[in-house]
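Think of it as A, B and C in the order they're written, each chain with its own count starting at 1.
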Amino acid sequence: MASLGSTRRTFAPWADPTAKPYIRFENVTKRFGDFTAVDDLSLTIYEREFFALLGASGCGKTTLLRMLGGFEQPTSGRIFLDGQDMKGIPPYRRPVNMMFQSYALFPHMTVETNVAFGLKQDGMPKPQIAERVARMLKLVKLEPFAKRKPHQLSGGQRQRVALARSLAKRPKVLLLDEPLGALDKKLREETQFELMDLQCELGLTFVVVTHDQEEAMTMADRIAIMDKGKVLQVATPAEVYEAPSCRFVADFVGSINTFEGSVTKAGSAARIRDRSGAEFSVADAGAAVAGDTVWLAVRPEKLRISRERPADAENALDGEIWDIAYLGDMTVYNVKLDDGRVVKASTINSIRRLEDALTWHDRAWVSFSADAGVVLTR
Amino acid sequence: MARLFSMIGSRLVIAVPYLWLLVFFLVPFFIVFKISLSQTAIAMPPYLPVFGLEEGVSGFVRNLRDLSFENYLWLFEDALYVNAYLSSLVIAAVSTLLTLLVGYPIAYGMARAPAALRPLLLMLVILPFWTSFLIRVYAWIGILKPEGLLNQFLAFLGIIDQPLVILNTTSAVYIGIVYSYLPFMVLPLYAALEKMDYSLIEAAQDLGCPPLTAFWKITFPLSLPGVVAGCMLVFIPAVGEFVIPDLLGGSRTLMIGKTLWDEFFFNRDWPVSSAVAVVLLLILVVPIAYFQRAQARAREEES
Amino acid sequence: MAGTWGRFNVVALALGFAFLYLPIVLLVIYSFNESRLVTVWAGFSTKWYVAMLNNRGLMDAAWVTARVAFLSATVATVLGTMAAVALTRYTRFRGRLLFSGIVFAPLVMPEVITGLSLLLLFVAINFDRGFATVTIAHITFSMCFVAVVVQSRLITFDRSLEEAALDLGATPVKAFFQVTLPVILPAVIAGWMLAFTLSLDDLVIASFTSGPGATTLPMKIYSQVRLGVTPEINAVSTVLIAIVTVGVVVASLANKRQDVLRQREAAE
């Protein structure tokens, strides 16, 4: 499956068996006392990739990032960057830079000296530093604020200073820990696109940690979804959404309806019988064989809702409308089936609301086609 | 190389202050203990040698045989010392209670003051703490003596016709301790009261609790960590206090810090004063350990 | 707010502050008394300040104290800051429990014990008592106060600032001096001031550890007070109070400015 976005369509080194990974985690485990933050994890990231680590707090994504930055040492396993083993290399000797969640701007320095800090550590000559700083400030559109202190800036401006500071040394890899977490929603959306443009323009590898699935979907070439120190799936945003590897991923990214049942006919044009006895037609049951317990997962927008059972429906269930959330661009219906289960169906409001629209306690049918859902085995 | 350097650096950060405190704080205690087992001599230093290694192993064993707990026995035989310890504990306890009674309303008033005013009030409480302890105690001499300002004032008001004798009594020591240690009591109390959510009181009153009951049932229990911290900060140093009983208490007030001082400077009996110090330390170990545990617990709860 | 800050609170505060400040105010007033008797007002005069300045012994003691206080506060600030860093940064090293114990114990240790034990140490190692021994003694107890002040600042210090410095290529030593130290500087300065005033103030420990030629101002004041109250001592006290008050007020104003900046930072 191709990733979204026109400029990136051809960028898919992970699909190319001859491509050399740029960052490689090999069986990395990190324990803090009794707590295992990262559990025997292996992962590859390619050059120029925009890679997102997505998961709930405590899933180990930040620990993974901090190990790459050199702030934590793996308990076991190895990390390679551009072919070099990173073991024992302290943060100040690594060709990666980090943008911290708190931005970590030095409060006693101006914007300019903050950005110049890393260059000074490298002993770069003064005129060159000045030139580079000016270029970085121009890049993030902060030239008028060069002489200000961090506390005299707005949240969005501070985020840009942090970005400029971490980019100033031209690192091979930029690590971003919840880069947009402290911004409000509107600013966050704008900044997402700016980050993407910047990454494209500079040709850098970005590894971003986030708990916000929309953010990951928008920006990343590939997403790794993590839970309890393990990676559950690494794939493009479209794959993660349309072909989740397991129920956790399906549930974590977007909302989904899952029907537990057993396979009565395997292979293509398969059939699954669910708990209540209803039988579903499924275009492809994947590797599941007859008798297996599986979960049929269908996204709410792939369900149709109507008063009558559509004549052409391959799968249909009926129930009572229990809840309606009108969101403007779309409406989400919670339909309560007769056995008590609740199914979520959403419709795009492409026309203005009609007078005879479905309403609370109406009887309704939800239907979906055989290829609308995905069969999950775990 | 830089890594090696930073490793050495981190060792130094621990080692330098650690060594300093070991040499100048911990080791001296052992010397005090050692000398407390010795006997007075007319010499410089004025005590007989005890288990040192200067004389080799045989000398060490010989000295070990000469060890004497005589000084400790002496402390219990002479009623002076027992009385001094007891009287120190009583005076410290009473003044701690008095300081709490004086300090609580101040801390409470500060915590309920308008937020803009609080930093100023806080500074006003801390400021005397920065000025010399000795001077603050000295200031009370002029106030408390028979022809002093307090007696002049009271006579002027016609309340007394004979001057009150306060200076050189235990009352003067109480006043001195309460006055000198008040900031130590007010600050932890204020810290505890200030972070208390006032809506708790409103909730209690909303549920039918009159203000005074609300204070006893809600405010006071919640301020207990501050009460404990404040009382410990006053009680522990007050037990060993020297300047206040010496300047305000006169010769009749018995406190162990003063006894130790006199034993050392006037009787030049170093072994006995060491024994006095060791016993005082043993008495204080209990409240100090309790205080440190309470502090550690408070820190944990905060984080 | 007026309802919650009732009359009781105002009265409590007024009485409390009167109790705290009246003795000091009276002491200052009577330093300007014409009469030799501290308790009888006989008109305004500055003659006790002149007498103070002409008192050779007093001035020598003041000079000794100033040097001891400056030197001991400076060394104590370095050592105390190191101890605070050790306690907040290195949560696991052998003997940490003992270390934190001996950092905090001097805060509540009766001065007579600290003084006596240090004296016995100096005698045991045959170290001549004088300027050096007083200074060492003052460093020892005041570094613990510095450690507490700096530690409370370090606890709230954002570690990611240091990590950012490392990330940008600064070695840990450089990161400390270029980022951590400038940020915690107000606490370090407050620690120095505390150490300075503690040294300025100390009578008991100095009396034990001092020797000939190293009489400190509190020792001098104490010996004069024991002979009787004189307006000259009031004058000395007033000067000391004035120095400390100005110092504390200036420092807290500077600190307040810092706080305002930090709050503004936090608010955004």
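Remarks
Quick note on the criterion: a residue touches a chain if its C-beta (ideal position, glycine included) is under 8 Å from a C-beta of that chain, and two chains touch if they have at least 3 such contacts.
Given the structure is predicted, the values throughout are model-derived calculations rather than measurements.
Put simply, the chain nearest the middle, going by average C-alpha positions, is C.
Taking each chain's centre as the mean of its CA atoms, A is the chain most distant from subunit C.
Top-ranked chain pair, ordered by C-beta pairs in contact, is B-C. The centroid of the Cα atoms in subunit B and the matching centroid in subunit C are 17 Å apart. Mean C-alpha positions place subunit A and subunit B at a centre distance of 59 Å.
Each chain gets a centre from the mean of its Cα atoms; for subunit A and subunit C, those two points are 55 Å apart. Annotation for subunit B: residues touching 2 or more other chains are 2, 6. Shown for subunit C are the residues in touch with two or more other chains, namely 171-172. Among the residues of subunit A, those in touch with two or more other chains are 90, 92. On the side of subunit A, the complex with subunit C involves touching residues 69-71, 90-92, 96-98, 100-102, 104-108, 117-118, 121-122, 149-151, 153-155, 158, 165-166, 169.
Within the complex, the subunit B residues that touch subunit C are 2, 5-6, 9-10, 12-14, 16-18, 20-22, 24-29, 31-32, 35, 45, 102-103, 105-106, 108-110, 112-114, 119, 121, 123-128, 130-136, 138-143, 145, 147-149, 152, 179, 182, 186, 198, 232-233, 236-237, 239-243, 247, 257, 260-261, 264-265, 270, 273-274, 277, 280-281, 284, 288, 291-292, 295.
In the complex of the two chains, the subunit C residues touching subunit A come out as 158, 160-161, 163-172, 174, 178-179, 182-183, 261-262, 264-265, 268.
Taken in their complex, subunit C has these residues touching subunit B: 1, 4-6, 8-10, 12-13, 16-17, 19-21, 23-24, 26-27, 30, 38-39, 79-80, 82-83, 85-86, 89-90, 93, 95, 99, 101-106, 108-114, 116-118, 120-121, 123-124, 136-137, 139-140, 143-144, 147, 171-173, 194, 197, 200-201, 203-204, 207-208, 218, 221-222, 225-226, 229, 233, 237, 240-241, 244-245, 247-249, 252, 256.
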